[in-house]
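One structure, as structure tokens, below. Some questions next.
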Amino acid sequence: MTFNTFFRNNSLKFRWLVSGPWVPALIMIVGFVLVTIVFFAINGRAPLNLFIEMVKGGFGDGYSFSETLVKTSPILLTALAIALPARLGLISVGAEGQLHLGALFGTGAVLLAFDQPGWLLMPLMLSGALLGGALWGAIPGLMKTRLGVNETISTLLLNYVGILLVSFVVHGPWKNPDSLGWPATVEFPDGAILPQFFDTRVHMGLVFGIVAAVILHILVTHSRWGLSLQVSRSNPRVGATAGISYEKNVLIVMAIGGLLAGLAGIAEASVIQNRLQDGLATGYGLTGFLVAWLAGQHFLRIIPLSILMGGLMASADSLQLYAQLPKASADILQALLFIIVLAVGGLWYRRSST
Amino acid sequence: MELITTEILALLFAALRSATPVLAVVLGEIMTQRSGIINLGVEGQMLVGAMTGFAVTATTGDPWLGVLAACSAGMLLSLVHAALVLGCQANQIASGVAVMILGGGLSAFYGTAYVGEKINSFGSFKGAVVAELPVIGEFLAALTPTVLITLVSIPVISVFLYRTIAGLHWRSVGESVGITRNLGHSPVPYQFAAIVFGGMMSGFAGAALAVDYTSNWVEYMTSGRGLVAVGLVIVARWNPWYALPAALLFGVSESLNLRLQSWGVDISPYLLATLPYLIPLIVLMLSFRGLKAGGGGMPKGLKAVFQGN
Amino acid sequence: MKKVINSLLASTLLAVSVSAAAETKVGYIYVGPKSDYGYNYAQDQGRLYLEENMDDVETLYFENIPENADVQRVMERMIRAGVEVVFPTSYGYLDHALKVAEKYPDVHFAHSGGLKTSDNLMTYFAEIDQAMYLAGIAAGMTTKTDKLGFVAAHPIPQVLRNINAFTRGARSVNPDVTTAVIWTSGWSDPSKESEAASALIDDGADVLTGHVDSPINYVQVAEERGVYSVGYHADASKFAPKGWLTGAIWNWGPMMVDIVKSTQDGTFKPQHLRGDLLTNAAQLSDFGDAVSDETIAEITNRQKMILNGDYQVWEGPIFDQDGAVLVAEGETMTLEETEKMDFLVEGVTGRLR
């Protein structure tokens, strides 16, 4: 069989080379790098050098990479929290609030069980966090199924409520009396601090995230429940006749998504901050949304993309250090990346569908 | 008795001043959503408007120039959303979030140079005729031009939407793009205009916040007002007249917070601060039956957006 | 191959730069923008003074770093870039600085306003409440309504000391004066500060002051509404040409020079370094036009008394808000006690949050 015959007979299989996700992905990456370099140039900085510094800041040495991974954990978890409901067609932006509620409930558990030994304290803390996050996911879920409230709006608003609730406890009932009025809880006892790797701040949260991504991927693509999600999403009525309840699925995905974000929250409070305080998590919710979108809501793709995004966020200090570019540069670059992905993605797939 | 009425009036007018930026965004987003497009990027547009308005006022000394510049900035940013949604068929929610992050980043980035600047703000209506009115005179005197402009926009928008041919087409685009095409009109110009109008209003709102209400610029100073506004659009049933009470809900919750403190009430300011977000949520929950029965005023074209991709 | 060359180049350059300049690199971290005419501005002025007055010092700074664990990464990056003296200038950085200090025992840290030290971390601050006391006198003598307003961030001792000192100063010349406090619960929130200022004025206050990172907001509202203002952290009189009375401001430069010098000649001590009116670390800013000559005379007189020790701001009797005695007549609070202050004095209306 000649190559031509082979190719002709199997051209459908080879189409992925040209019309698969590789070409648009490549365009997006190149586009992003170009835009970043142009951004630096516009602001009068040596573009190539700065870009290299940025990459080094995220991945250049052991320390930088560890800091990148520190940022990756919450981004990964919040991205999963957004991607799962998206499989059902729900657009939840609530990871930030769920993260805070997880931190809140987890801290509550720690404060209640403060003197308990580690083997009891840790699971209690984690359960609290999962509960809190799940709650903050289930509430907008219920609002949608019972009261028709759009989940995008409700999760957005509840984000702010969640953040304020944390501020409430931290400035009020849970404020550490020894902190002389500074709003924060007492430091977490050692038994409540998630294990870290080597001498870095990288912690178990990362492992939880990766495991969760894999499990979710398997569940959603290979299990009956995963299939029911697809059916529910494309045609709820058909699904209902087959015994699949759209409402139940909404609650399930929102709650599971919520508890993943909640896990991110307690991890931040426990390992990184060692206490609950204001400013617990700066914008991980939105970044998670961005990553979930970049990954096309595909769980496994979220893992490497979270690492990249973590690198971008962690390298923001390099921008300030070497080029006196304000911290906000990282936000601009994130947004530009998102825009490029949306633009290229939209144009590419519109082209191929006509 | 008189003391109570004075306190209540003081609260209402304080609420109006603080609600004005939100109201402006709500009005802009009503117009946008009436054409079937949702733009979450208003938060970012508000921020670039605030920064630009402040910067231009600081440099030129003229707050009106600042407002104009702010409107332009908001419009420019909204072009990104327009390009993505109309040009690239991108998902509207995602695009809105991207615009939001971009607006926040750009405003924080370029705004660093202007922090701490002093600007010539508008000044209130202290010496004007309205200040002479009996009871409410002193409260009217505390109002500022942006409040007036925003309030005037309400009847203007209402007249446009409900009493002009263009407004009719605008609304029909929001109800059904298909029918609009069948009637021979292209929806795109209307949707484009809708997005840009929303951009202008949110830019204006940003200026109202930074140049008028606080005469200050700090990064991310809008604290989610833009997003609350999007929620309030639903509370207002996409009707510009209901936008005022909806925005006032927000304004009252905000002003109440600080005033309760000075009145000696002991509720945590953080719990009080959740009210501006919870109240729109509660109203949304309560309007369920209304929405289900009569459509609640939602432009049907938005259904597709809200139902997910 | 390229990698090898690159790293060789990099390390050569590094070696050359290290051996060439015996410069001390000093790093600053600010919680907000350095142009806020407030806290961060004052710290940055100190940095500029340091640069001007010491030839062998190179400074760098980070702005807008929030008070959470992210600051640890910023400090570490600074240190890895060669910084030897770190100034984490905001209160909430303390625990994070202590952590990083533990990891890098050869680097020196000087934290502003903290109350904990470690082997290589000291704190520095100034008794600006002395200046606030004097500013309070200006307020007490200028007010027509006998009501003062205070926009406050967090109920930590630094802030409480200022509220109390201001009130005591005012009441020392005008016993009928009261100070209303509104808490914004954040170091910087412009709309809240403006709203709080409006609320205080609506309730009758005609002199406003505050302790938030930037005085700009309440000073501007005061000017707009035609009332007086007293600044804090820095001289913001340009924002209130008519209503500005005076302000309590910092002068960090000389202290910072001393600290950096001590790290260079090995005399660094993990202490709580405190300056005051006497050492000029805290000062009263220039008087505005609205201050009468009589007031200036009174203040100058009282300032002399404080400077030569005839009067202490925290000497008894001190009463709490309900009139109970906190410090008896004849006694004086120690510095440690004032730095742990947790009460509001008589004359302050508004509860402790």
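We call the chains A, B and C, going by the order they appear; numbering starts again at 1 in every chain.
Going forward, contacts are C-beta pairs under 8 Å (C-beta built on N, C-alpha and C of every residue); 3 or more make two chains touch, one makes a residue touch a chain.
Predicted model, so just to flag it, every value in this text is computed and none were measured.
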item: Most widely separated chain from chain A, with each centre as the mean of CA atoms; value: C
item: Pair of chains with maximal C-beta contact number; value: A-B
item: Whole-Å gap between the CA centroids of chain B and chain C; value: 37
item: Mean-CA-position distance for chain B and chain A (Å); value: 29
item: Residues within chain A bordering two or more other chains; value: 167, 171, 326-327
item: Touching two or more other chains - residues of chain B; value: 112, 219, 268, 270
item: Overlap residues in chain C, where contacts from two or more other chains coincide; value: 63-64, 185, 353
item: Chain B - residues contacting chain A, complex; value: 40, 80, 83-84, 87-91, 93-95, 97-102, 104-109, 112, 219, 224, 227-228, 230-231, 234, 268, 270-271, 273-274, 277-278, 280-281, 284-285, 288, 291-292, 306-309
item: Of chain A, residues touching chain B in the complex; value: 86, 89-91, 93, 143, 146-150, 152-154, 156-158, 160-161, 164-165, 167-168, 171-172, 233, 286, 289-290, 293, 325-336, 338-339, 342-343, 345-347, 350
item: In the complex with chain A, residue positions of chain C that touch it; value: 60, 62-70, 72-74, 76-78, 80-81, 91-92, 95, 115, 154-157, 159-160, 185-186, 340, 342, 353
item: For the chain A and chain C complex, residues of the former touching the latter; value: 57, 63, 67, 70, 167, 171, 180-183, 187, 201, 268, 272-274, 277-280, 282, 314, 317-318, 320-321, 326-327
item: Residues of chain C touching chain B in the complex; value: 32-33, 35-37, 41, 63-64, 180, 182-183, 185, 188-192, 194-196, 198-200, 202-203, 214, 216-217, 220, 224, 238-239, 349-351, 353
